[in-house]
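The two complexes that follow have subunit A in common; it is paired with subunit B in the first and with subunit C in the second.
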Partner chain A sequence: MLLRRSLTTGITVLIISTIAGALGHGFGGEAGLRQITQYLVLGLFAMSVDFLWGYSGLLSFGQAVFFGLGAFCYAWVRKGTFAFIPVLENSSLAGLLSAIVLPALLAVIVGYFLFYGKITGPNFTVVTLALSFLVSLLALGWSGVFGGYTGLPHVPPLALTLGNWEMSARAGMTSFVIVTALCVIAAAGLRSILATPFGLALEGLRDSEQRLQYLGMNVAQVKMVVWTISAAVAGLAGGIYSSIAGYVAYDLLGVLLSTEAVVWVAVGGRGALVGAFLGAVLVRAVSYALSGIALSYWMLFLGVLFILVVLLGSNGIMGLVERFRRGVPSATGS
Partner chain B sequence: MLLEVDGVGKRFGGFWALQGLDLQIRPGEIRAVIGPNGAGKSTLFNLIIGRYSPTVGDIRYQGKSLIGLSPSERARLGIAIKFQITQVFESLSVLDNVRLSLIGPAASLRDLFRNNGLGAEDEALRLLDVVGLREKKHERVGSLVHGHRQWLEIGMALATKPKLLLLDEPTSGMGPDETRKTAELVKGLGRELTIVVIEHDMEFVRSVAETITVLNNGALLAQGTYDTIKNDKRVVDAYLGKGG
Partner chain C sequence: MGTGALIALQGLNSAVIISTLLLVAIGLWIIYGLMGVLNLAHGELLALGAYTVVAAGMLGLNGWIGTLLAVIVVGFIGYLLERTFVHRLYLRPLESLLATWGLSLIIRQVLQLVFGAAPRRVSAPVTGGVPMLGMAFPVYYLVILATTAIIVPLILWLFYRTTLGMKIRAVLQDREMAQCLGVKAATINTYAFVIGAALAGFAGAMIAPLISVEPWMGSAFLVRSFMAVIVGGVGAILGVVGGSALIGGLEGVIAFFGSSVIAQVIVLGLVIAIIRFRPEGLFTQK
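After this line comes the complex of A and B, so read on.
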């Protein structure tokens, strides 16, 4: 059961990535593929939001803090900011590791105050929103480290060396393959976590935190773990993003990206990882296509889309798929 | 004594919901708590489970004070509750509700991540047999009728392997047939654990409880067997006379 579900999720992510990549390459050649690769990374980011919101009911408008921090971590390591620390010399692996570890550490600190301070429901959401504001402004002001408005340019791409084997992800196809593989692994990994008793506890958390408490569960601890895992995945996505984009700036930490991620998940459908992934890729791709027609309208498009999904009350694309499945019984009668 | 409520008072603003309450529950006992609306019955339960903390007084469980312990810590000590308004996991199936309840108190974090039989299906099914809901195992809780939700929540409480089970109006919204079944269930459970039950249905109370505690206006009014209570003039005035 566990293995099958993880496998299905992984394969679905692989299929979505492949189709998106083929379309991107077909329409836009090398540049198109590169664009799609970025969207896949954002899809990974969206899955971290879904893990938190869709499964556990924790709606955060601060998820970009971890994504952005991950992006900066990779950039700092690759540009030699941490070169004085021997382990963190300029290597891609160290860059990605720090993009996971540092956001996770920040999550533990912030989470401690949030969850042991019993900040729940709408208050939680508002605090995360404030966090996103605060951190992005802080980054903007601290221009020596975060590069101010201009950000940090020329972030080197992923380059891995294993023995004699050397690989650089500058080529579009290589980075596409790496990103796809990472998305598949992350999706399957998150899914396998959800299949454990811990996953059931997360669903309980979403339905009734109080009931869970009166059953004896240490709710704050469960929240800490899901929050930290989600931050680590967001950080990893951020790290990869900066390796592909080659440029990071304070807005990667901000409210706009945080909100956008929530919209992706709402559009794709909550509580189904794959939905979040698809939502991110689709919304970004359509926004891009529209921006070709009318540059300044894609935000409007995003807003209208979000309002529509909320108004229609369905659970995004996954909700439609689910309804279709139930409405049309399959031949096997399942 | 399994549970000792010692001079407990609870004030909300200027209103004392409970005042100077003393109560002792023996291990193995089934105790009924009755009283008119606003008598402080549910407040008493909320103080025991740790939703509220008492303004004055002490609550001891197995000889140790509960004051300062969180709800989840109290649950892990073996105190379980079925709320007056059922609190269950609406989007999960009946079976998963019980499985999650089996997981609840056990969990060290490491256990939660292993598939080591924690929240095992056969154990959950056994509990569903006890409360008579095995056939509903795949139904979503949101679609259950009121009576079945009550039974489910009792099953969930049992999953935490409690020593003290608190039932707040377990038969509310039930017909005579379901009420009778619930009485049988409670009597059966009473052979293995201690139960305190808040009820309005006097026939139910008579059939399950040896001792009845009557609360009125946040204070103890009377205590004794059904017959003593029935013939107590103060109780008749305060409760039976009005409520039927």
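After this line comes the complex of A and C, so read on.
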């Protein structure tokens, strides 16, 4: 059961990535493929949001803090900011690891105050919004470290060395393959966590926190764990993002990206990792197409999406898929 | 200038910060505390108020008329919003967050399309200074302090001494029971939302001369006023007053020693720490 579910999720992510990559390459050649690769990374970021919101009911408007921090971590390591620490000397692996560990650490600290302080519901969302808002302001002001308005340019791409084998993701195809592989692994991994008893506790958290408490679960602790995992995944996505984009700036930490990720999940369908992934890729692709027509309407488009998602009240694309499945009785009975 | 005068001036500056914050926070609190809708577009309602003054200035109207227009225009926009879609969101906290955030993005974009992204400056309706402790304290600051000192008791009176206020509190306490007793809950909610929106518009108009008016100016005020509401406690209006005083006062003091961004970050950290140990808010009695 566990294995089959994670396999299905992984394979679906693989199929979506391949189709998106083929379309991107078909329409835009090498540049199109690079664009799509970025969207796939954002898809990974969206899955971290869905893990938190769709499955556990914690709606964060500050997830980009972890994504952005991951992006900066990778950039710092690769640009030699931490060169005085021998282990962190400009290696891609160290860059990605720090992009996972530092956001997770931050999540533990913030989470301790939020969850043990019993900040729930809308208050949780707005505290995370405030966090994201102020962290991006702080990054903007602290230009020595975060690069201010211009950000940090020329972040080197991923380059891995294993013995004699060397691989550099300078070519579009290589980075596409690496990103796809990471997305597949992350999706399958998150899905397998959800299939464990802990995953069931998460769904309990979403449906009725009180009942979970009556069952003797330590609610704050469960929240801490899911929050930290989701921050680590978001940080990883951020690290990869900066390796592909080659450029990081303060807005990667900001409220706009945090909430855009929420829209991706809502459009794709809450509580379905594949939906979140698909939502991110689709919304980004559509807004890219729209930005060709009128760049300045992008925020308007996003705002309208938010309202539509609420007023239509359906569960995005996955909701439609579900309805279609129920309407057509399946022959295998699965 | 002596140390005493410096401290007094700092105190007055902080009082101005607190007053403006309080005006915004009360509007947010009415809509959140009373109706369970956390209005993330509240900051943009404030921005709309500020831009109404900008527009009035472009038409050559007096600053006071601009302020009055801001109250009317934003109140009316609040009415339209409540009637068209906010009323669907009551008691659906998460959906209301998503929808009002979408709304705030739309308002920001529209403001940017109409007025441009460049910051605007508004001149205060009164200029000049009052000599105080050997230096000139701007008259406009005193106007803000005086207005807040009138508005806040007025709101208190409205809530605790009028029939409308009683109905609003009744709907808050038990919506169904209030409806059984003949209170039209939907109408009461509209009133409350319009009052909250008009207050935001008014606050925006008052603040406009003190800062640069930008399409995204609302976010900072949303964050700060939310912190004021949550740290004070959602239970009573006095919590909002206490929360605003705490947030605004701390910001004023810390900003005196460092940058205002650092001040806001430190204050957020403190707020999160306070909530950890007093989730119900500092000024709520349990």
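We take it that the second predicted complex is superposed on the first by the 330 of 334 C-alpha atoms of A that agree within 3 Å, B and C clash if a C-alpha of one lies under 4 Å from a C-alpha of the other, contacts with A are read in each partner's own complex, and residues count from 1 in each chain.
Note that in this section a residue touches a chain if its C-beta (ideal position, glycine included) is under 8 Å from a C-beta of that chain, and two chains touch if they have at least 3 such contacts.
If you're wondering where the values come from, they're calculated on a predicted model, not measured in any experiment.
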Checklist entry - Just subunit B (first), just subunit C (second), both, or neither: which does A:L273 touch? => result neither
Next on the checklist: Just checking: does A:L282 make contact with subunit B only, subunit C only, both, or neither of them? Give me first, second, both or neither.
Outcome noted: neither
Next on the checklist: Looking at A:F133, would you say it contacts subunit B, subunit C, both, or neither? Reply first, second, both or neither.
Outcome noted: second
Item to check | Between subunit B and subunit C, more extensive residue contact with subunit A | outcome: C
Next on the checklist: Under the stated touch criterion, which partner chain does A:V41 make contact with: subunit B (first), subunit C (second), both, or neither?
Outcome noted: neither
Checklist entry - For A:L300, is the partner it touches subunit B (first), subunit C (second), both, or none of the two (neither)? => result second
Next on the checklist: Taking the superposition on A as described, I'd like to know which of subunit B and subunit C A:V255 touches: first, second, both or neither.
Outcome noted: second
Item to check | Residues of subunit A defined as touching subunit B within the complex | outcome: 2, 193, 195-198, 200-201, 203-204, 206-208, 210-219, 221-222, 225
Checklist entry - Residues of subunit A touching subunit C in their complex? => result 59, 61, 110, 112-114, 116-119, 121-123, 125-127, 129-131, 133-135, 137-138, 140-141, 255, 259, 262, 266, 296-297, 299-300, 302-307, 309-311
Checklist entry - Once bound in the complex, which stretches of subunit B touch subunit A? => result 49, 70-72, 75-76, 80-81, 87-92, 96, 99-101, 103-107, 109, 111-115, 118-119, 156, 159-160
Checklist outcome for this item: The answer for subunit C against subunit A in the complex is residues 32, 38, 40, 85, 88-89, 93-99, 101-106, 108-110, 112-113, 219-220, 223, 226-227, 230, 259, 261-262, 264-265, 268, 272-273, 275-277, 279
